[in-house]
Every structure is written in C-alpha cells, then in structure tokens.
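Each chain carries a letter (A, B and C) given by its place in the written order, and its residues are counted from 1.
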Amino acid sequence: MNRILMGLSTVGMLMAGTAYALDTEATDFRDSFLAGKASWDDVKTRAAEEGTVNLYYWGGSDPLNIWMDQVVAADLAKLGVELNPVRITGTKDAIDLVLAEKGSGKGLGEGSIDAIWLNGENFATLKRQDALFGAFADKMPNSKFIEWNAEDPRSLLNFRDFGVETGGAEVPWSGEQYVCAVNTDRVEKADTPATFAELRDYLEENPGKFTYVKPPHYLGNTFVQATVYAHNPDGTGGEPFQNSIDDLGAEELARLITPGMEYLKDLEAFLPGGKSGNARYPEDNKALEGMFLNGEVDFACKFGLYAVATGLRDGTYPEGAEAFVFPEGAMIKNKNYLAIPSNAPNPAAALVMANYMTSVEAQVSKLKFTGMPPGVDPWMLDEAQATALAEASPGLVGITQAELDENTAPDTNATLVDVIEATWLEYIERDSDDDIETIVARAVENLK
Amino acid sequence: MPPHNTKELDRHRRERLWMWVQLLPVMVVLVVLFGGALVLAVMQSLGYAPWFGVNTFPDLSYFRALWGEWSFWQSLGLTLYYAIVSTLLSLVFGIILALAMVRIFPGKTLYKYLYKLPLMIPYTVGIALAVIMLGNGGMLSRLAEFFGFIDDPSEFPQILKTHYGWGIIAVYVWKQTPFVTLTIYAVLLGVGRETEEAAAILGANKWQIFFQVTLPQILPGIISSTLIIFAFNIGAFEAPFILGGGYPDTLPVIAWRYFNDADYSLQLQGMATVVSIALIAGFILYGYLAFYRRYERRIGRS
Amino acid sequence: MARRPVQTALNSRLSSFQKIYLLLVVGFILGPFIPLIIQSFAFRWAWPDLLPGTWWLEQREKSLLPLAWDYVISPYSRVWEATLNTVFIGTVVTAICLAICLPAARVLAREDFRGKPAFEFFLSMPLIVPEAAIGIALLMIFIKAGLAGTYTGIIIVHLIPTIPYMIRMLTAVYQGLGRDFEEQAMILGASRWQVMRLVTLPMLLPGVVAGALFTFLVSTNIFLLTFFLGQGKIVTLPTLLFSKISGGTLDASAAGITLIVTVPGIILLLITERFIKEEAFGKGFGN
C-alpha cells in the first residue's frame, strides 16, 4: 500500500513538475523570442509541438468563414498546426474572456485564446489591462512586407491603431476604407449626394431613403465619426480626434461634436420611421444591406473598398449597385489587426499563424475570397507579388482609387470612440433633453 | 400509530433517508444551480461583485437608478403589453381551434399533425418566417405591390420593428396557439361531452353551453396554459431583440444591452434588470395563481 | 312543441365558420414556409419580385464560393455540427432528466413530508423565472467551475428548464398509477423486481415517453442558455440560426438553415403523433 502511495505521489509530482516546466518554458520562449534570440525554426518546431492554434474572430461574414475553413486550415495543417477557428458574435466577448482568464490567474500557456482579430477600443482595452503577448509584429519572417520605418508617413497605421500605439503587439491583417454604395437603378448617379448637406436635401425630397447602422455597432460609430469630422466647427476634420480624451478634455470634445450631433438629430426626421418619431436603425450591416437590396433605402455604407464587387458577386447587393464618394473628405480609412493575448495557450503556433496571415499568398487568397483589402503595404512587395495582389482584387465599381485617396480621413482615437458612442445613445436614441456638454462630461466620468 | 420499537424505527428512518436520497439530485440541480444563480444575480444587483472590483453591498443604488428612469417603466409596459396581448390572442384562437378539433371531419388525422408543427420548432424559425412575410421587403409587401396597392416598399405599413410589436405578437401567437389548443383539447377529451349534451337537451343554446358548461370545465386547462405562456412571454428575448422597435426595448433586451456594453459597471445594472424581471414575473404569476385558487375554493372545487 | 336538440360536440360536423377557421389556421401556420423554401433556392430575390430574379442554380458555376444550399450542406456552415450537438445534448439531457426525476416524482406522488408545498413551488420556479435572469449568473458560476464552453456545462444547464416539465408529467403518471396495482401484484406473490418490471413500468411507459419527448423538445429549442454557456465553442441549431438572422434579414443560406432547423421538429412531430395521444400531454398541464 505504501509503495503504491509513493509511486502515485512521485508520478503526481512529476506531472506537476512537467506542467510547471511547460509554463515556465512558455514564458522563457516568449522572452527569448521577443529578445530576438529564438530562431524562426525554433518557433516552428515549438508550434508543431503545441499543435493547435485557437483563432477568435467575428463570424458574421460567410465568405470569411469559408476562406478560414477551406484555405487557412489546409495551409496551416501543412505547417504542422491545426487551426481551430472560433466564430464569435462580438469581438468584445473575446476580450472579456481574456480578461476573465487573466483575472483568475491564467498566464501564458494556460488560457483559451491564441489570437484575436480586432482593432480600436478592443485593442486599447487589452493594452490598458496589460493583456498582450508582446511586440511580435516586426519579428516574423513576413514582417518585411510591412513598413516599419516610423519616418515614412505611410506607416502610420502600422504603429497606431485608432491613435493608440500598437507597440508591435498586433500585426496588420487588412486595410479598409468606409465606402458607401448607391443603387443606380433607383437613383441617378448625378443626383447622388457627396456631402452631408446634399444628403439632407436628397432626403427632404425622398424621405426615408437612407439609414445607418446603429451604434454601438462599429459601423454605426464610424458613421457618427464621419459626420462629426465633416461638421467640425474648426474645419480641421478628423485631426483633433486623434488625441486621447485626457489630452482633449470633455469640454473641448463636446464643443467639437455638437454640430455633428445636432445634424444627426435633425436627420432623424428623414430616416425610415422618422415621420412618426421612431427612426429605425438597423442593428448590423446585414440588416442594412437587406434594406438596400429591397429598395427600402437607396444607400448603404460600410467598411468595404470592394464591397460592391463582392456584393454583386454574392448576390447580396442589387444589380445597380455602385460605390460613390461620400462623405467628402471623411471616408475613414483604417487597418485591422491580429493580436496575441498574454495568456495564449499556444504562443508559438499563434506566431506561425500570424506569420502565415502576413504572407502574400494568404493576403492574395483572402482578397480573392472575401474582398478584404490587404493589410501588408504594397510598396514593400516585389513586382510579381504586387501584380498578384492587384489581380486578385475584385475591382472597384463606380469609384476610382484616386477619388478614394483624396477623401481619406483617419480613424478616431480609441479613448474617444466610447464617449462619442455613449453620447449618441444618450442624445439621439434616448432623446435626452440634456445638452451635449453635460452628456459628454457624464460619459467621460462613467468610462473612467 | 408511530413506530415504537427500535427495528421499526430503524426501518422508518431508513425509508425516510431513502426518500430524501431520491429527491436529492433534483434538489441539487434546482437549489444549487438555479437557486445559486438567482442568489448571485441578486447579490450583484445589490452591489456585491468583488471580482469586478465593486463591493458596495448592500447597495440599492442600481435599483434606484434603474427604477428611477422613465425608460424602465416604458420597457416594463411594453413587456407586459406584448405578453398580455399575445397570451389573450393565443387563448382565444386556441380555444376556438380546440372546440373545432373535438368534432369529426375529413382529414382530421392529417390536421392533428399540422397544427402541432409550431410547437416542435424553435422560436427563431417563427422569427425567420415573420421576417420573410411581414417585413417591408417581405412577401405581403410584394403581394401588395403586385396588386397595385403600393409602389415602393416604404409605402407598406410598418409591421416589424415598431413598438406596436405586431411582429413579436404574431410570432408568439404562431408558436403558442397550438400549445393552448393541445391543452384545451386534451381537457375536453378527458371531461367528456355528457354535461354538454344534458344542457342541450334541457334547451340551452350554443352560447349558453359554451359559457356555462364548457368554459368552467376547461378553466384549469386555460389557467395552466396561460400561466406558462405568459411567464415565457415576459422573459422572452429573441423575438423582441430581432423584431422589436428599438429603444425602449423590452426588459430582457435591455438587460442584454447592459451586459454587452463597453462600460463594465453596467453589468451590475443588468443584474438589477434581470432581478427586477424575475420579481415582477413572480409577483404577477403568484397573484394570478392565488386569485384562481380563491375562485376555485369559492365554487367548491378544491 | 318539442325543440330540435342542439347538435352536441363530439359527434357533430363542423360549422362553416369552423371550416374556414381551420383553413385559415393551417394557412397561417404553414403558409410562410413557402416563401422560405423559395428563398433557399434563390441567388438574388429582391423586392418586388414574387419569384427570384436570379436562381441559385443559374449562378452556381460562376461563383467562387458555395451558394445557398451548397453552403448549407458544406462544412463551412456548421449545420451538421450543430445538428449533432443539438441531438446529442438533447438525448443526454433527456436521459439524465428521466433518471433523476423518476424517483423524485414517485416520492412527490406518494409521500408527504415537511416542506413539500415549498418544494413543489420551487420546482415550478424555472417556468416563471426567465432564462435571461439566470443566464449570466450561471455563466459566472460555470466559468469558476471551469465548465463554461463544455458539453457538460450545457447539459447541466439544460436540466433547469426541463426538470419542471418532466416532474409534472411523471408525477401525474404516478398519481394515476395508484398503489393498488402494485400491492395486488405483490399479494399475488410477485417479487419487488417483478412488480417493477411487469406492472409499474408498462403502466408508466406512456407518461414516461411523453415526458421524454417533451424534455427533448424543450432542450433542442433552448437558445439563450446555450448561447451563454457555449461561449461560441459549442454551436447548436438554435444558436446557429439566431446568429444568422439576428440582423432581421434572411438570405438564401439563412433560409436553408431555417429549413434544416425545422427538420428535427418535424421528425419529433411524426414520432409524437404516432405514439402519444393528446391526453398524455393534457395530464401534465390540466392542473
């Protein structure tokens, strides 16, 4: 009996020791990788040992899901890593899970999430809570396809995500721009509005023919931001909104967004249902596109350089759909990224996956399947790669690249996003009687 | 006679023990899990959430903030309105259907399959059907255009996503009428037709038969089925979320929005909301049941 | 002068009002499925077309990605996975629920004990308290217990809404059973085991089967609890469908998935109607 007990306890200690060893191994591995001491072959070997990578990403796009299951899983299997794609309904859920696991003491090697597709406030939350793996983005073999020269102004979005410094803790995956589509079967291209004032005029003659996705959905936030840029009383567009809330201050923010918010409040009367006082905002872009397809609205906006081309290809857009320039000077451009949390269970596999996602083949097939523009910087590629990328593009419909470039605007600072969202919810959805200054001040207080 | 020798006492004690053991698993699930979750929700709503860094127990401020807002009462009103209207409609439609089902007609066997279909499939399917039929871009709207009533989808009357909630009510009625029918039909079969026949022979007309003979007989079935569907309607989430008119939403949707907000302190506000829902539902249903029991005692049925 | 007796219910025909009513009801219940089926075969079906402008089969070759039914049947839609999960969870929940409710129902039907009314009230509480109220709290408990996102967690949680139904139906059955049959069998010399096998079980069976089918039905329709506890890792037919139509719009693949979600219900309907009579359901709810 005693011998059995001793045997069991030895085995127990060995197992505990092994588990402990693997965990210290994980942190050792991370430290040596971030210090540049681990070779990529070491990473690949460790990744094959770990065997799986759990990628959490927004699962609302069928083409993306198909690409993940069909192409990515197969390619990663060739590298010895099994992809476990977890489709989530809201990126915030993944952030919550990471933080909850961190809170219950799970460290590197012990959590559930290896990588998350995110940007903006979600990344800012992870960074603020110190829940990131570390500066891996420029240390991978395929990092050479991204501009890491801080002097070059084109590298801005590689270093700052919604104004927050990425510190290399997330690697760009796709680039996007906020583009609107019009149904030319119902509206003459010449009549399409290019500014907010023209939109209001159009809606006065054709009430109920436009709506936007409701905040707190990120598309809703983006539309509100674009409105606020265009109505900036100082005329500086999106410039001041690059500062954090601490730098800007509640009062200044309120002053800057008031004209835009009042415009949106006025606009409510011209939205579907607005006449009876209950304006309808679709909950997500699928709903808005459904309305667009059926002719309930004449315009639909979202992040999608190639949205019209893919929409026509997949049957979700009406036949007369074309992109157009709106809003002038405020077509927000940003990137989205893949981040590795601090308690990733398979860090090496995550790195291998991130490296794969940054490769030109992956970017090309992603573009072809889903229409998501590349996150790598085209000027860092050689001729053959750049051509492959250009050919895979579904093409721009109704708008030129020059027009897109002329009307870009930067995304809003992550700390301001929640405040502006809360202000919209309070001022417009809940129809508060308070003035915007009070609302903004209250929002800033609550979000501290 | 109580057992008075040790052997009998032992056996009695063992039997009692065995009885509790048999009840144990059910009690564990209900008391530990269900009860535990309720207790946790109540504690959080009163400010006890150390894992969020909040410990202001006992703190009524969340309830005060919630009940102090006019929008809470609007949401409560909407929740009750959808629940009451759909329960009443399901009841009326269900009773009429049940009364028809007790008769004989060709195709009755097939019909018995068909009318039960909504019972077997999830609410979400009903919601999908509502979307495809009743939306502004839906089938009814297209038929209206076909017959020349409208020219543009926006001219079609707004059925879904309004606070009148016709879409929500339609889904509830679609799903719950078969349930009411099933219950009432079963009761009708069980009770038998003799009393009705007797009344008919005595010269009663069909309205008198219904209100004075049939209705009292099926009353227990009515009460139990309406209890269940009303309770469900108060707490339902999917239909008001997808088909509702936006702010102010029903209470379960409001709770969901709180839970999903970027502002983490609204989690506790969400808990206050769900506890309020549970309290209100419990209060109404208990009152309903107590009222019915009093009625039963009055008419002499125990 | 004698009046003609009013036709009484059970052996009379339908009035014309009732005939029309029956047709309307069946139209209301089944009618909406027709556009649903059409939508599942469409590529683009925009307003105001009564039939799709472009059908799925026309576009099939030209498309890079699987469309409509191709997508639904493909592994990318997760439909097969969701169906297996739903059926598996439903079966296990039914088995466990039966196992723990059967003894408890016998006790409730036969014995009396202190606190019995309170216990019965507590048993009915899950019917009154909505899933939304306990969902998040349960999630927190299960995260602590390490069961969030696991099959075990979901199965345990499904027991909460199903136990009240199962216990009610089984208690009614036991009450109908009565001790007499068992006692008579024992007087006639049967052993406890024989009594159980040859008397109790056969008499219980209809009620048990009804309860089991109803529990399976409830479990396969649960959305909110599965959504919270599954954490996106475990997908069932209700959660899959919800995420597809949560925006309030229905494309071809969503229509196809909706139809697939209906299939288990239809199968259940066929089984129930063949083997259970209406009375068995009525028993559990008549009181």
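Criterion: a residue touches a chain if its C-beta (ideal position, glycine included) is under 8 Å from a C-beta of that chain, and two chains touch if they have at least 3 such contacts.
Not measured: the values here are computed from a predicted model.
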**OP:** For this assembly, give the contact graph shape among line, ring, star, complete and other.
**Re:** complete
Original post:
More contacting C-beta pairs: A-B or B-C?
Top reply: B-C
Subject >> CA centroid of subunit A to CA centroid of subunit B, Å >> reply: 39
Subject >> Inter-centroid spacing, subunit C versus subunit B (mean Cα positions, whole Å) >> reply: 15
Original post:
For subunit B, which residues are shared contacts with two or more other chains?
Top reply: 137, 153, 161
Subject >> Residue list for subunit A, restricted to those that touch at least two other chains >> reply: 290-291, 293-296
Subject >> Contacts with 2+ other chains: residues of subunit C >> reply: 46-47, 246-250
Original post:
Of all residues in subunit A, which touch subunit C in the complex?
Top reply: 56, 59-60, 62-63, 65-66, 69-70, 86-89, 93, 97, 100, 104, 112, 282-287, 289-291, 293-296, 313-316, 318-319, 368-369
**OP:** Report the residues of subunit B in contact with subunit A in the complex, numbered from low to high.
**Re:** 51, 71, 136-137, 152-154, 158, 161-163, 245-247, 260-263, 265
**OP:** Going by the contact rule at the top, pick out the subunit A residues touching subunit B in the complex.
**Re:** 90, 92, 103, 121, 208-209, 214, 216, 272-273, 278, 280-281, 290-291, 293-296, 418, 421-422, 429-430, 446-447
Original post:
In their complex, what parts of subunit C are in touch with subunit B?
Top reply: 3, 5-14, 18-19, 21-22, 25-26, 28-33, 35-36, 39, 46-50, 99-101, 103-104, 106-107, 111, 113, 119, 122-123, 125-134, 136-138, 140-141, 156-157, 159-160, 163, 167, 217, 220-221, 223-224, 237-238, 241-242, 245-250, 254-255, 258, 261-262, 264-266, 268-270, 272-273, 278-279, 281-283, 285-287
**OP:** Note which residues of subunit B are touching subunit C in the complex, please.
**Re:** 16, 19, 22-23, 25-27, 29-31, 33-38, 40-41, 44, 93, 96-97, 99-100, 102-105, 111-125, 127-133, 135, 137-139, 141-143, 145-146, 153, 160-161, 174, 177-178, 182-183, 185-190, 193, 196-197, 200-201, 203-206, 209, 220-221, 224-225, 227-228, 231-232, 234-238, 241-243, 252, 255-256, 259, 267, 270-271, 274-275, 277-278, 281-282, 285
